[in-house]
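Order of writing sets the labels: A, B, C and D. Residues in every chain begin at 1.
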Amino acid sequence: MQYQSQAVAKPYFIAAIALFVAQVLFGLIMGLQYVVGDFLFPEIPFNVARMVHTNALIVWLLMAFMGASYYLVPEEAETELYSPALATLMFWVFLVAAALTVAGYLLLSYSTLAEITMNKLLPTMGREFLEQPTITKIGIVIVALAFLFNVGMTILRGRKTVINLVLLLGLTGLAVFFLFAFYNPVNLVLDKYFWWWVVHLWVEGVWELILGAILAFVLVKTTGVDREVIEKWLYVIIAMTLITGIVGTGHHYYWIGTPEYWQWWGSIFSAMEPIPFFMMTVFAFNVVNKRRRDHPNKPAMLWALGTAVMAFLGAGVWGFLHTLSPVNYYTHGSQITAAHGHMAFYGAYVMINITIISYAMPLLRGRNAANSAKSQIWEMWSFWLMTISMVFITLFLTGAGILQAYLQRMGENPQPFMVVQEHISLFYWLREIAGVIFLIGLVVYIASFFVGQNDPEATTAN
Amino acid sequence: MAQPFTKIMARNIFYGGTAFFFLLFLALTFDTMGQLPQRDNRAALSGELGPVIAQGKLIWEENNCIGCHTLLGEGAYFAPELGNVYTRYGNSTDAIKGFIASRPAEGIPGRRSMPQFNFSDEELTAIAEFLKYVSEINTANWPPNIQG
Amino acid sequence: MTADRSVLQSNYPPGDLAIWIFILAELTVFAVFFAAYAFTRLQHVELFNEYQLTLDREAALINTLALITSSYFVVRAVSAIKVDDRRRCVHWLLAAISMGLLFLIVKTFEYVHHYSEGINLSSNTFYMFYLSLTFFHFMHVIMGMVILAAIAVMAARGKYSRQEHTGIESGASYWHMVDLVWLILFPLVYVMR
Amino acid sequence: MKRLSELLGIRPCTLIYLLLISFSLTTFLVAKMGFSGLGLSLMVLFLALIKGQLVGSYFMGLGRVRGIWRWPVFIWLFIPGILIGMAFYLSYP
């Protein structure tokens, strides 16, 4: 840690991991509800568990993005953060708002929550991933603006590196596109059209800039490869990301009432979306191969390479699998989508956040560069446990999805949804088992923060 | 010989390419907005039942129906697709109302069940009319069959 | 172009490698679009043949000649800077831009004509492809002209020389790509039936 | 090309330019005279691919490049060319 104010990142990282745990726990509840339909019914119906699962994910990813920014922006800008106090204040505002919202989901019925937060004044609730009460959404905007101001002023004051600029661009885009969450017309087609401007342009647009910037930062720090080279790659990768990703939004406009030419535009451009992910994989391995030093923090490097590979598999390959409109006609809204969603979010955004946490946490906790060897071994175990179980979750859901599409949409005698669900329950059981192993991996990950604390720091074996 | 690959050029491509494709996306969006009136069944919204449909959408949202169901393929995959439920139920709003009203409050042992929301008849009508409106959106023949 | 072959042999194409990665990506998109056009036509041969006749082939010819000429001017501009003739280089670039402008004007007239007949992307499959392909290309022409204009300004300010002209070559390569795409697009959409 | 252009007393790129123009005019005349059919379509396509290769080799300068960078335009013309040709071939019963 080179600047005192980088320390504000720590609570963000801790809260992010706590919410990650909540996300996984509720994921397991949902997974069980898929096969034991009345589990926790009617106390925690599926929709509530799902809201907690997805919203906890979104909030913890945002928390970790903010933590990452507070950590890397001062170091890149070579100056203290503009206002550490504002950053800490916003942490508590964000955490309390998130906690209250989750409590609202769990303790109240959703319609009651809508009523007491006065959703009718400006109805924005009840849309996938945007279930937060309007007042929480406004809170998110305020936190985001304060955050952008803080980070922006820091960058303005200090050295302007490409990593910082790209990060700032991504964060600004994140805030700007979130504003479409407040647009909710009665016309369902318009509603859905612009809903994707939040969801797609986030995860397949501006978030990838954030991902790229964080990855580039960690690689600069751990490999010692020339910054010029890494920044050049960063520009090319994010250029390809936005070139393919913006019009690639069209792959959501096949069947929601939008004109049919989107089937062409969407298919062609989104078919190219794996390219930037592939370039990212090539880039990461290239840079690591050309490293000028062996950084003692091995897990951070492992997570960085893991991000590159798993993002390519999850977002690239699994996305391509069902992105062409003739295929998507049969797979749209099936378990294939769920399979892709799981591996893409884990591979791209969960892993990049763990990468930066893995890199920064030892420094934030007073180490010179890395944790003890014992702690590192635990962390690497957690990497393999979580990553492999996520691969299996994805494979099982893909199997379920293929069977579902076939039985429900393609066969001679298409069967009703609920009947098909019975037929594919074996896959759901297997998915749940893989999910439990994922949870074990997560427990091991958390344990890695506590084991070997008194052991000496690991060094490179040169 | 100059450097074969410069950072400045990569940066220019990033800014130029992004602006270019965002403009293209806006142009396509502009065209789409012009085409939607022929496809999105907005006649129903400005018709007599418009306010009822609007109420139905609000009820749909304020009970987080999307948390289990899909609507035009988007949402959760825990419960059936509802974009075409009106046609699946024999073009009957009454059948939809009857189904929602008859859900057991304590669920069905061992199986998935829709919660009992205790809607009034007016609310049930609003939801059913909303789903009817959705089923009449031109979705390029999706879903492939009546099962959704 | 006139220089000795053996001297000019190089491992890299003219211009910056980054622009070439971009060019290849763009070409791929167009290639997919072309193949999609041809195979979709297979399903609607009569529709495509019928509506192809409503296109203005004279305008397309003018545009083809305009783009080829413009590409030629750009080649001359690159040759000029290679012998340090900055003034000529700028003149050739301006001539190339004016040819691009001619293309845009003619194409706009075509679009206005279609628009007045109420044709849009959703009219039928042929028009969907015709408008998508040409409009996508149209935007590339605009983009190319912006790049050429930027290069012309830089050249006028004396930023390029016989030793350092990667910028001009990059822009030239992009512009040739725009030309190249049109050379396939013109026969495919306007002529082949 | 170089020797021919020297013979004619013009730059090679001017010669290429004239070739491109004449090919385009040919294509246009084919269309103007109302010709259609597989043979003519494929001829027009072939002319277009030749034009593309001329632009790639002489205007873009790939003819003077060693190694893999010599080929992208050729491949770009070749694969879609085959596909388009095949699609048109199949469209004639």
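We take it that a contact is a pair of C-beta atoms (placed from the backbone, for glycine too) under 8 Å apart; a residue touches a chain by one contact, two chains touch by 3 or more.
What you are looking at is a predicted structure, and each value in this text was computed from that prediction instead of being measured.
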Practice problem: Tell me which of A-C and C-D has more C-beta pairs in contact. | Solution: C-D
Quiz item: What whole-Å value do you get for the distance between subunit A and subunit C if each is reduced to the mean of its CA atoms?
Solution: 39
Quiz item: Cα centroid separation between subunit C and subunit D, in whole Å?
Solution: 15
Self-check item: Centroid distance [mean C-alpha coordinates] between subunit D and subunit B, Å
Solution: 48
Exercise. Scan subunit C for residues touching two or more other chains and write them down.
Key: 10, 12, 18, 22, 28, 121-122
Exercise. Quick one: which residues in subunit A touch 2 or more of the other chains?
Key: 232, 235-236, 239, 243, 259-260, 265
Quiz item: Can you list the subunit D residues in contact with two or more other chains?
Solution: none
Quiz prompt | Touch relationships between chains, expressed as pairs | solution = A-B, A-C, B-C, C-D
Quiz item: Which residues of subunit D touch subunit C in their complex?
Solution: 2, 11-14, 17, 20-21, 24-25, 27-28, 30-32, 36, 41, 44-45, 47-49, 51-52, 55-56, 58-62, 64-67, 69, 72-73, 76-77, 79-80, 83-84, 86-88, 90-91
Quiz prompt | Interface residues, subunit A side, partner subunit B - complex | solution = 30, 33-34, 36-38, 41-42, 45-48, 50-51, 110-111, 114-115, 119-120, 123, 125-128, 131, 162, 184, 186-190, 192-193, 228, 231-232, 235-236, 238-239, 242-243, 246-247, 249-250, 253-260, 262-263, 265, 329-330, 332-335, 337-338, 408-410, 414-418, 421
Exercise. Could you pull out which subunit A residues touch subunit C in their complex?
Key: 232, 235-236, 239-240, 243-244, 259-261, 264-265, 268-269, 271-272, 275
Quiz item: What residues of subunit B sit close enough to touch subunit A in their complex?
Solution: 5-7, 10-11, 13-14, 17-18, 20-22, 24-25, 28-29, 31-32, 35-36, 39-42, 45, 50, 53-54, 57-58, 60-68, 70-81, 105-113, 115, 117, 133-134, 137-140, 142-148
Quiz prompt | Touch list for subunit C against partner subunit B, complex | solution = 10, 12, 16-19, 22, 120-122, 135-136, 139, 143, 146-147, 164, 166, 170
